[in-house]
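After this come two complexes, each holding chain A, first together with chain B and then together with chain C.
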Partner chain A sequence: MTTTTTTTQPTELDDVRAVTATDKRRLQRKELWRNRSLVLPAVIFLILLTQIPFLTTIGFSLTKWNLLYPNERAFAGFDNYTSALTSGDLWPSIVATVLITAFSVTLAVLFGLLFAVLLDRQFHGRAVARTLMITPFLIMPAAAALIWKYSMFDTNIGMLNWLFRALHLPVVSWSTEHPMMTVVIVLTWQFTPFMMLILLAGLQGQDKGILEAAQVDGAGTWRTFTWITLPHLRMYIEIGVLLGSVIILQVFDPIAILTKGTGGTKTLAYLLYERAFIGLDVGQAAAYGVVTVILTIIVATIALKSVFKVFMAGGSR
Partner chain B sequence: MNSSTRSARGALVTLVTWILVLIFFFPVLWMFLNGFKPESLASSINPSFIFKPVTEGYQLAMDRGMAGYLQNSLTAAVTSTIISVLLAIPAAYALSIRRVKNVQNSLSFFISTRFMPLAAIVLPLFMIFKTVGLLDNIYVLAIVYGAMNLPVTVWMMRSFLLEVPFEIIEAARVDGAGMFREIVRIVLPLVLPGVAAAALISFIFAWNEYFLALLLTSSAARTTPPFLGSFVDGRGQFLAVLSAAATIAALPVIIAGWVAQKQLVRGLSMGAIK
Partner chain C sequence: MLANKRMLALGTGAVAVAMTVAACSSGAVQSGGGSTGAGGGSVTLNVATVNNGQMKDMEKLKTEYEKANPGTKVNFQVMEEGDLRAAVTADVASGAGQYDIVTIGAYETPQWGSNGWLVDLTPELQSDASYDVNDLLPPVRDVNTFDGKLFAVPFYGESSILMYNKEVLDKAGVKLSQNPTWQEVADAAKKVNTPDRAGICMRGKPGWGDLFAPLTTVVQTFGGSWYDSSWKATVNTPEWKEAVSFYKKMLDDSGEKDPVSYSFNECLTALKEGKAAMWADASVAASMLEAADSPVKGKMGYAHMPVNKTKESGWLWSWNLAIPASTKQKDAAVKFVKWATSKDYIKLVGTKIGWSNVPPGSRTSTYELPEYKDAAKAYAPITLDVMSSVNPKQPGVNPQPWVGIQYVSIPEFQDVGNQCAQLVADYLANRGTIDDALGKCQSIAQQAGDKHKK
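Up next, the complex of A and B:
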């Protein structure tokens, strides 16, 4: 008798349970909303200042719009893109951007690896050496480019040519004879510490036990490095390459200061600057901006898949 | 291999290390030295390593109105850092300690914004600011820098917040601390080094930024990087004054970076590498 009443008719206790359940759900929903409201200001701020401007750039790129003729503004479809391709500006610029990025990132990783291995050892003054090494990355890029331009590359007062003269080698006019190399040297110099820091973190995260075991097993230094250390460093190299590439793809400062885009160094950022702020062709420049994004997405996705795993391994609760 | 040859080899590697480090550091050292040379000596075809230091170069840099540009750089860097830190703290807190749906989506949103090239957003910003008369305004530049640095700040702070032991937060909740109290009294003090590091990183990026500063400012709000860039059109001898100006411009960030050395890699990798 009693059992049937409890199952068929809801008791007071069930009522209480039901109320707390909905309350809990309501509370949960309230909490979720409150938590969301913590993220929202940052998201809205970014949408206003980056996402909407980007969509507007796409809009600009589809219009015929030169500030010299503001009244002739009109929808132009893909004209800006086709003219970018036919005028012969776009393709060399993409090549310049990709080459500068590829050379600088590769060299910075190689030098960064060398310095990371050297500075991972125990020796006198290691902290000082590390501090000196990170300085090129910290120095203002505009200042770095200027210092290189005048005190290193200059044909008269540059130290590189002073060295060449001392060695009885011909003087080199860097920014006109080797513009690409000039830019790559400065970028490599600036980004080597960046790569070194990332790779040092990787070296320090190595399992010392495995290294010792390899040593005991008679694996030489070189074999230990190529068989154990390098595979371990792989994900750190990937992170360095991804972050370095995405930054250097946008490179502007050393171009503006060292070569002004001459000699095959006109990167997309510099091309856009020229078209928009010297040529006053907003529509055309916007098209270059969109191409920059496409290029960045291509480069980033190539590396991002594997790297994102590493980012997420940073953990979540 | 006996121990004496091993230690000899070690000494050799150390020597090579130091030589390479010094070659690498040389341009910075040379900039520093040139800033203290009289112009005739700095712009001489024969470099001098030993000389009587003078402050002529610094004097000339200041005569070119550098103090004003530094002031603008400082305003932009500090204001933008405050903006990005204030917006990042609640966001990072929610994305690490609180429950939010689609954490991954939010995080991807932030990271993809970080990777958005400035070239892709500068034209509309320029047009809008021009239309409403906000070009050449240092606070407007600071707001844009705030957006530029916000994703890094969020990611970096999140990586620090993930390290706060959950028990501490739970204990605070049992004691009945509200969310605001929980953030300000419990969580923030624990991750203060992380907040400081994130602030430093964002300061460094804003201080060094050239592209947006060149395009969004012209005179009143002009910052140090475009001022330095204007040396390119210089005539005559100017290596001493240029080196002095570059040294002043680079020094705040170099010191900040040296101080924050340990946290630097974390900031650069957006918190992925500790």
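Up next, the complex of A and C:
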């Protein structure tokens, strides 16, 4: 952008004209539009794919429309929102979603960190160990929930209870007595490998020289880990937490298969499913959906602006 | 810098919106496109079925049909009961036309028929003498008839009975009559209950078709009902409280350990594995307990569903094949439905899979087949007996404004039953009180009842 030397002798006058404010702005704008036009197809595609369904959903949410009464479709105003906000289902559902997401993500990060640190070392069969560790994340969520339901949690044939029996401990009825823990265990199991992969990438990107320097300075393993490795991993942990939360917020399978939404496990996704597919109330389900979207935007905006360093201005890093 | 931050926040917000909305909208409107074209003389029929043994047998035998009808391909989509109901209702109600043949319960048939969602099968079936429509068991035919039109044909019919492991009960010196009371059964269950074998297995999985199928019959025989004759909800009554707390006490004392996980299939496994001694559930289970590969074959005893204040308390249910009005392949679908519910199909199951696997409760002639009579001698007579003695017009002590036993045939019932089942499950798991559960259930039921008040 700055003036470059040209073969012809530049006069002072030429230079002045080239950098007049209006010209510069025009040039910038032109470039800006070229850049924009390159992104435009993708943006249009995105709008078609996301915003039109969203508008349709808003339209549905203002309609009285229950699939069981196909002939009684009419404009309902904000009735669906009123019933969604006053029915008393929304708040417990938000609490369930937040708790399940928070517990699962936290535990998955902790276990993921542990396994990442272990896998960061050199040992025989590391590749095999890594592949085996990743497997839970590759299993379909519904299949994972079924595996846990029958071969782990079951009171008669489940391995956990077999273990408890062998240790002469009382048998635990997982889905009945500890529904939330049941769901969190399955989710943690599934998402630990995900966190592990991200954190392992972080660990392997760490400058070994710094670690050696710390060693030379006499820092022990724990001090090196907490003062050098952890701060270095912060960005990776943040990405892991963000991506993990986005995925787990929408979790459905383990709840549908293990607890059917009982005992404080009725997340927003499951509540939406119930309203849409069991209540068959399209209008109300859409209203719940819109409320969920608004809440998500508010939370996401605040979280991204204040908590996650990753998305802040690059200056601090 | 600030602008960058805002852009990022906005962008992420938009992504969040996109994802949530994609999830919502795919839930709200089911897109079609499941059934493939009928061009070129070849036809693909998409069948939605429930994952019970009898239906899986039909999937095994579909090749016989495909052999006999070249050019026809039959696709089975096997689902769990609750999922099937949700998927099929959404598909049929929105007219998406994903399925050509659907498996529906006796609960849905009259409602869907009156909505015009189903093809009326009466003319097709009556004109075919070899199909012999009058051979279909009258009570089951009645619950699938609306306005004089048969909208679905029973694939099998069932009531509920008490099944018990004779060896276990004999060892404990427990004797049960053919018509036991619930108190007798609860006492017997307590006696045979051991740490690694439940005295009785009862459904506890939240869902109106899971927990509330047996629980509604218990409520009815204890004198309760969902609604009185003017559609006033009667859930917060002493009868309900007595019945539900009885159910919980029986489960606590001698039931399976993890009731919220247990429904039909889980209890069936427990009985077969010897992990439960008794089970009150669908009569169709008897044929699975007596199947050739069952470890408890020949060891089981059967009795009428236990009672308290009524004479009978068995339910009446049938799984039926129906054709959504939205299908593009009506003729091929009718042909398949006729085949799957014909006398010949029953014989085919008998010879190819086993006579004890024959779908029961659909045709009178089934109970006259010598091979079936022999194979099912332990439970066929009692099944027929119970099915003909239950009264779907008034199963409880008081009259009710709908026809049906373990369900209320109003569209809202699956929602009401489902929400109440979750409340009762919380009570079963000691997370709430019975008064709280029934009080909330009462207001949910009343809201639905209000729509049907005259």
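We take it that the second predicted complex is superposed on the first by the 249 of 317 C-alpha atoms of A that agree within 3 Å, B and C clash if a C-alpha of one lies under 4 Å from a C-alpha of the other, contacts with A are read in each partner's own complex, and residues count from 1 in each chain.
Note that a residue touches a chain if its C-beta (ideal position, glycine included) is under 8 Å from a C-beta of that chain, and two chains touch if they have at least 3 such contacts.
All values reported here derive from a predicted model rather than from experimental measurement.
Enquirer: Taking the superposition as given, does A:103 touch the first partner, chain B, the second, chain C, both, or neither?
Expert: neither
Enquirer: So, A:280: does it touch chain B (first), chain C (second), both, or neither?
Expert: second
Enquirer: Once the shared chain is lined up, is A:177 touching chain B (first), chain C (second), both, or neither of them?
Expert: second
Enquirer: Applying the document's definition of touch, where does A:129 land relative to chain B and chain C: first, second, both, or neither?
Expert: first
Enquirer: Mind working out whether A:272 is in touch with chain B, chain C, both or neither, as first, second, both or neither?
Expert: both
Enquirer: With both complexes overlaid on chain A, does A:81 touch chain B (first), chain C (second), both or neither?
Expert: Once the two structures are laid over each other on A, A:81 reaches no partner at all.
Enquirer: Pick one for A:300: touches chain B only (first), chain C only (second), both, or neither.
Expert: After superposing on A, A:300 lies in contact with both chain B and chain C.
Enquirer: Check the contacts made with chain A and report whether chain B or chain C touches more of its residues.
Expert: Comparing touch counts on chain A for chain B and chain C gives B.
Enquirer: For A:191, using the defined touch cut-off, is the partner it touches chain B, chain C, both, or neither? Pick first, second, both or neither.
Expert: The answer is neither, since A:191 touches no partner chain.
Enquirer: Using the touch definition from the top, say if A:57 reaches chain B (first), chain C (second), both or neither.
Expert: A:57 contacts both chain B and chain C.
Enquirer: Once the two structures are superposed, pull the chain A residues common to the chain B and chain C interfaces.
Expert: Comparing the two interfaces on chain A, one with chain B and one with chain C, the shared residues are 46, 49-51, 53-54, 56-57, 60, 149, 156-157, 246, 250, 269, 272-273, 276-277, 282, 285-286, 289-290, 292-293, 296, 300, 311-312, 315.
Enquirer: Which of the residues in chain B end up touching chain A in this complex?
Expert: Within the complex, chain B touches chain A at residues 10, 13-14, 16-18, 20-22, 24-28, 30-31, 34, 42-47, 87-88, 90-91, 93-101, 103-104, 106-107, 109-111, 113, 115-127, 143-144, 146-147, 150-151, 154, 159, 162, 166, 179, 204, 207-208, 210-211, 214-215, 224-226, 228-229, 231-232, 239, 242-243, 245-246, 249-250, 253-254, 256-258, 261, 264-265, 268-274.
Enquirer: For a test of understanding, state which residues of chain C touch chain A in their complex under the given definition.
Expert: Those residues of chain C that touch chain A are 1, 4-5, 8-9, 12-14, 16-25, 27-29, 86-87, 89-90, 93-94, 111, 115, 196, 204-207, 256-261, 269-270, 273, 275, 411-412, 414-415, 418, 422, 425-426, 428-429, 431.
Enquirer: Along chain A, where are the residues that touch chain C in the complex?
Expert: Listed in rising order, the residues are 46, 49-51, 53-54, 56-57, 60, 67-70, 149, 153-157, 171, 173-177, 179, 246, 250, 258-263, 266, 269, 272-274, 276-280, 282, 285-286, 289-290, 292-293, 296-297, 300-301, 304-305, 311-313, 315.
Enquirer: For chain A, which residues count as touching chain B in their complex?
Expert: Interface residues on chain A, with respect to chain B: 31-32, 34-36, 38-39, 41-43, 45-46, 48-54, 56-57, 60, 114-115, 118-119, 121, 123-125, 129-144, 146-152, 156-157, 159, 162, 189, 192, 194, 197-198, 200-202, 236, 239, 243, 246, 249-250, 252-253, 256-257, 268-269, 272-273, 276-277, 282, 285-286, 288-290, 292-293, 296, 300, 307, 310-312, 314-317.
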